[in-house]
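Mind looking over this structure? Questions follow.
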Amino acid sequence: MIKVAVVGATGYTGVELLRILVQHPEVTIQMVTSRAEKGKAVSSVFPNLREHLELNFCDPDPKLLAACDLVFFATPHGTAMALVPELLAKGVKVIDLSADFRIKDAKLWAHWYGVNHTCPELLDEAVYGLPEINRELIKSASLIANPGCYPTAVQLGFIPLLKNNLVDPNSLIADVKSGVSGAGRKAAMGTLLCETSENFKAYAINGHRHQPEIVQGLNEQSDAPVNLTFMPHLVPMIRGIQASLYASLLNEDVNLQSLYEDFYQDEVFVDVMEAGNSPETRSVRGSNMCRIAITRSEGGDKVVILVAEDNLVKGAAGQAIQNMNIMYGFDEVLGLNIVSVLP
Amino acid sequence: MIKVAVVGATGYTGVELLRILVQHPEVTIQMVTSRAEKGKAVSSVFPNLREHLELNFCDPDPKLLAACDLVFFATPHGTAMALVPELLAKGVKVIDLSADFRIKDAKLWAHWYGVNHTCPELLDEAVYGLPEINRELIKSASLIANPGCYPTAVQLGFIPLLKNNLVDPNSLIADVKSGVSGAGRKAAMGTLLCETSENFKAYAINGHRHQPEIVQGLNEQSDAPVNLTFMPHLVPMIRGIQASLYASLLNEDVNLQSLYEDFYQDEVFVDVMEAGNSPETRSVRGSNMCRIAITRSEGGDKVVILVAEDNLVKGAAGQAIQNMNIMYGFDEVLGLNIVSVLP
Amino acid sequence: MIKVAVVGATGYTGVELLRILVQHPEVTIQMVTSRAEKGKAVSSVFPNLREHLELNFCDPDPKLLAACDLVFFATPHGTAMALVPELLAKGVKVIDLSADFRIKDAKLWAHWYGVNHTCPELLDEAVYGLPEINRELIKSASLIANPGCYPTAVQLGFIPLLKNNLVDPNSLIADVKSGVSGAGRKAAMGTLLCETSENFKAYAINGHRHQPEIVQGLNEQSDAPVNLTFMPHLVPMIRGIQASLYASLLNEDVNLQSLYEDFYQDEVFVDVMEAGNSPETRSVRGSNMCRIAITRSEGGDKVVILVAEDNLVKGAAGQAIQNMNIMYGFDEVLGLNIVSVLP
Amino acid sequence: MIKVAVVGATGYTGVELLRILVQHPEVTIQMVTSRAEKGKAVSSVFPNLREHLELNFCDPDPKLLAACDLVFFATPHGTAMALVPELLAKGVKVIDLSADFRIKDAKLWAHWYGVNHTCPELLDEAVYGLPEINRELIKSASLIANPGCYPTAVQLGFIPLLKNNLVDPNSLIADVKSGVSGAGRKAAMGTLLCETSENFKAYAINGHRHQPEIVQGLNEQSDAPVNLTFMPHLVPMIRGIQASLYASLLNEDVNLQSLYEDFYQDEVFVDVMEAGNSPETRSVRGSNMCRIAITRSEGGDKVVILVAEDNLVKGAAGQAIQNMNIMYGFDEVLGLNIVSVLP
């Protein structure tokens, strides 16, 4: 039984952490922090937690946090890096769901996030928490940089191809689509129902913060540096990411279906679907599964990888708890054996 | 550990039964039947069950069904009554989620469902499976008539008032609203996304089959027969029922909040919310909870009871499993301790 | 050809006014004001107006406004009353789509809107712009208080009953449902897609500002003062209001269908549907039509009136332009002969 | 004033034709046919047409059709080709919104549509009704093959690049997304609200009928034959197509923004947006506009063309009426000067 805290739990990533953690048999939720909602019952903000969680929001007091075994940060960027050094120094483990420790190059980070990094010395120590790639490092990590939602889908989709030198690394295109919850839980005009419902568009066409994170991850698995065209789109739904990934095959005679099945055969949260299927986001809603299908365009050299995940689960809170399970030697599926609600 | 079968599992009630049953620690799913999908993997029809259920659909062979302890019927009306007598005779217990055994008066049933009842002799034996009212009878029942979705919400809302003779039984109005899944999973024009999305309307304005079921249930709890105005509406969403119930108070000095809290104090699946709240359907999505709030109109004699439930869970599959738990002496929340996914 | 201005045109009521006005053959849009978006092309904020309107947002300069024939206020409450006296003094006509001049009793207004009225002397002069009731007064009005969205639906539904003394005025219940656009276009958490989609609930259960406006309007048409139970609900869709109105009939022998058809026979924007129909909101999306159907509950004394309108058109901008057409002697349907887009 | 008929008007393309035609000043709707709904008022099936169209559905009697100037076919494939030869022989003009005359190669057509073509001799005579490319031919055509929804978006997006030899014709990728109305108005399980809402997926991954139509159109504008990877996706909304088109630039020094602006400068229904914009589907909902934006991926050779249209208007009925306007020498925007309803 470990004691955990969730810092910044008023967002969608936060409530999703709580949903899973309240049913995790090895976890006691010790603290749930929010400066804005301090003193309020967590279940008054998130009525799905009525009957399941009796805590009130409190301040993120470092002393109290230090009494936990593990602290999750579900905060906007810039918050975790202010508290993490002190927590690590006191022996507390940290899983940061924000972007603060995802990019190894502090200058690149500052360029995309608009502020300087305050503890660049921890960037090397931080382990990028994509279990399918970094499981061994995660086991002994003290600080996990939990991957972004798009980066999880795009990396899990492309890596088997890159690692086997099967595609031209300059040919990568990721046409990705996300539900609106990816934009977070905050007062904003752009994500009102009236602005997003019955509408579809590409967004962030001049650059998205997940691009450098993805490129960093793909480059680590590729002999030659990749060039990626990354185009995010907003889908009129709450949850789910679907990625259609395109690349030019160098060798068209490979059995890609077998290759993917082999690559992920031991992975409990990656489902390589039978040929001819297309993964749909609702099949993973609320679950930590990432589904992948492989297809080819007729008569051309293009391979198309289709990926679906829940942006708030495998793309955020679920992956964080998967990382926690690995760090503490729990069964990797503990608390994550969730069946999606369908329809 | 009991062996169960689900007959007619290709509908939304069926998949919802399976979602909950695959995680129920005291249940083995023995058979999942569908004539139309016979031979197909259940998970190929319902991709949320991939990794969770390895069965194929099969025919509802009575001999095989008779080898189970309990059979759930998730069929259209008319199917259960053809199979139930044989199953009961062989000592199999039955929970029927269809309407076949809900109405005690066989003529009234025939009037609303358009066919004659083929085993009216079982109507008295069948126990109406609303645990909050009939728990003792359910414990020893062999045949459960699982309540309809609207009837669950309307009865749980009105009964505390009627049982205490607090309202004029002629003044009852139920303005109820349901997500589209209430119409079932079948090829139909009226429930296409393009016909129901971005739209709201009352429907069945000339009479709805749930009306006689509700009236029967309310009359059992009322000294005088009730007159109910029942108006269903279709909401552009998948799941959820919200009922706004109106009645004229005979005595305006009663503390209704306390009355409801007391009435349901031992009920784990009825949540009487603090005054000033309004139950929202998403807070119970996928869960077996029924939330109720009580309010008054200013300056008048009207009480307004607001009720929210998931039509497929407390209004169907979840309640069926609650009934199963009671019948077999399991903890009533076993397999039903579900946290709603929010957002 | 008249010159008009739209003050506060960055909201949903504002863009709807512009959508209709750009195609009105007797109108020139002279000014579109917004302090926040000053200088920006209107079509950059509302891309549906590309190719249709070439203006930029400007400040609501009273001198420039005074050069118009007619000024529409599509502002939050409190703004119109600050500018209207000066405009009226200069001979400019005003249609106020906000609540500033709807309630005749300044104290009651202050109670519900939380500020004191700054020009109560104009409340008597203001004509409540419900054309079906007040057409003659509208013709010669200088200041129109354009009705709220719920009040339009509820009054058009109840008035034929009240005016003919057919129902108990103490028995009125209005169970009303609105799309999310009723909450306006502003950064807010409560109306995010993720908070409202796939959800349904009653709201404002402790009182809604439209209640006193409705009661005032109903009382004017009723011999005895009414008591109204008013319960608003939020529907997961952009546009549309549906009202289910309940009342106890004093005389059950009346042919209500004929009564409504006669009452509204000359009204081009009220459609009394044939018996057995239920008006659906999508059938009036984007149009100024209000559809009404009459039904009865079986075996009781209750009449049920079903009403559908587009909250932003007949419930706001369309009705404002209908008022304008009446004020200026234009054909009442000019610019409003819109066919709803379906699906 | 011309007399027109709409054959097969019970689908979404049909009702959309009627919505626009009832307000077209040069058109009298003479007949609206449907075998299934024969005798019913059109407005009873499509309530948005109440007050706007007084016709009943009738049989598609060839003699009566022959009395019209122009017949629109809004039928499933296979119907138009059975009636068109007789109508043309009698001097009636035809605009076929189905796929019957879109593909010039009868064998290729039979391969994709599963039946043999019954009048292949008309395939050469049929003019592909994409006005921006074929306006001169349309002027004198008797038989128009109205383009498919995806083909309109993809061709208008790619053609300026291909016509100017700016991209590798083997590198074309079209990642396209459509609202559910693209699947038509028919009883079907796959397009129920409960199956499509809150979900996103690629579909038709083994080949889509629009692919050969697009390739045929692109090849006509390209010096070398193209290879196209075409991946359609289903968006949980009613209307709209968004296409993200990718290609490898042969020459990276071209000013693509100017090129597109020049290419479409005389086109009233193509809107080349300023650099930095992303076209959103709601901005063209119900309108005949096709919006295009051009962007580049950072550091690579890829150009990305973003296109948005309403699949039922510029992708079907609106384009058909644009073709009609051209054929009859009407102003091309007559009846099509529609402002989208937003939100």
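Lettered A, B, C and D in written order, each chain numbered from 1.
We take it that contacts are C-beta pairs under 8 Å (C-beta built on N, C-alpha and C of every residue); 3 or more make two chains touch, one makes a residue touch a chain.
Every value quoted in this text rests on a predicted model; they were computed, and no experiment measured them.
Steps from chain A to chain D, taking the shortest chain of touch contacts, total 1. Between B-C and A-B, more C-beta contact pairs are found at B-C. Of all chains, the one whose CA centroid is most distant from that of chain C is A. Each chain gets a centre from the mean of its Cα atoms; for chain A and chain C, those two points are 45 Å apart. One finds 37 Å separating the Cα centroids of chain A and chain B.
Chain C has its Cα centroid 39 Å from the Cα centroid of chain B.
Of all residues in chain B, those touching 2 or more other chains are 12, 181, 185, 194-195, 197-198, 236-239, 280, 282, 285, 343, listed in ascending order. Because contacts link each chain to all the remaining chains, their graph is best described as complete.
Across the interface of their complex, chain B is touched by residues 170, 173, 175, 177, 179, 194-195, 197-203, 205-207, 211, 227-231, 233, 235-240, 242, 244, 246, 276, 278-282, 285, 293, 295, 297-302, 304, 306, 308, 343 of chain C. Residue ranges of chain B in contact with chain A, taken from their complex: 12, 15, 19, 22-23, 46-52, 181, 185, 197-198, 238-239, 271, 280, 282-287, 289, 291, 337, 339-343. Those residues of chain D whose C-beta lies close enough to touch chain B in the complex are 12, 180-181, 185-189, 191-198, 236-238.
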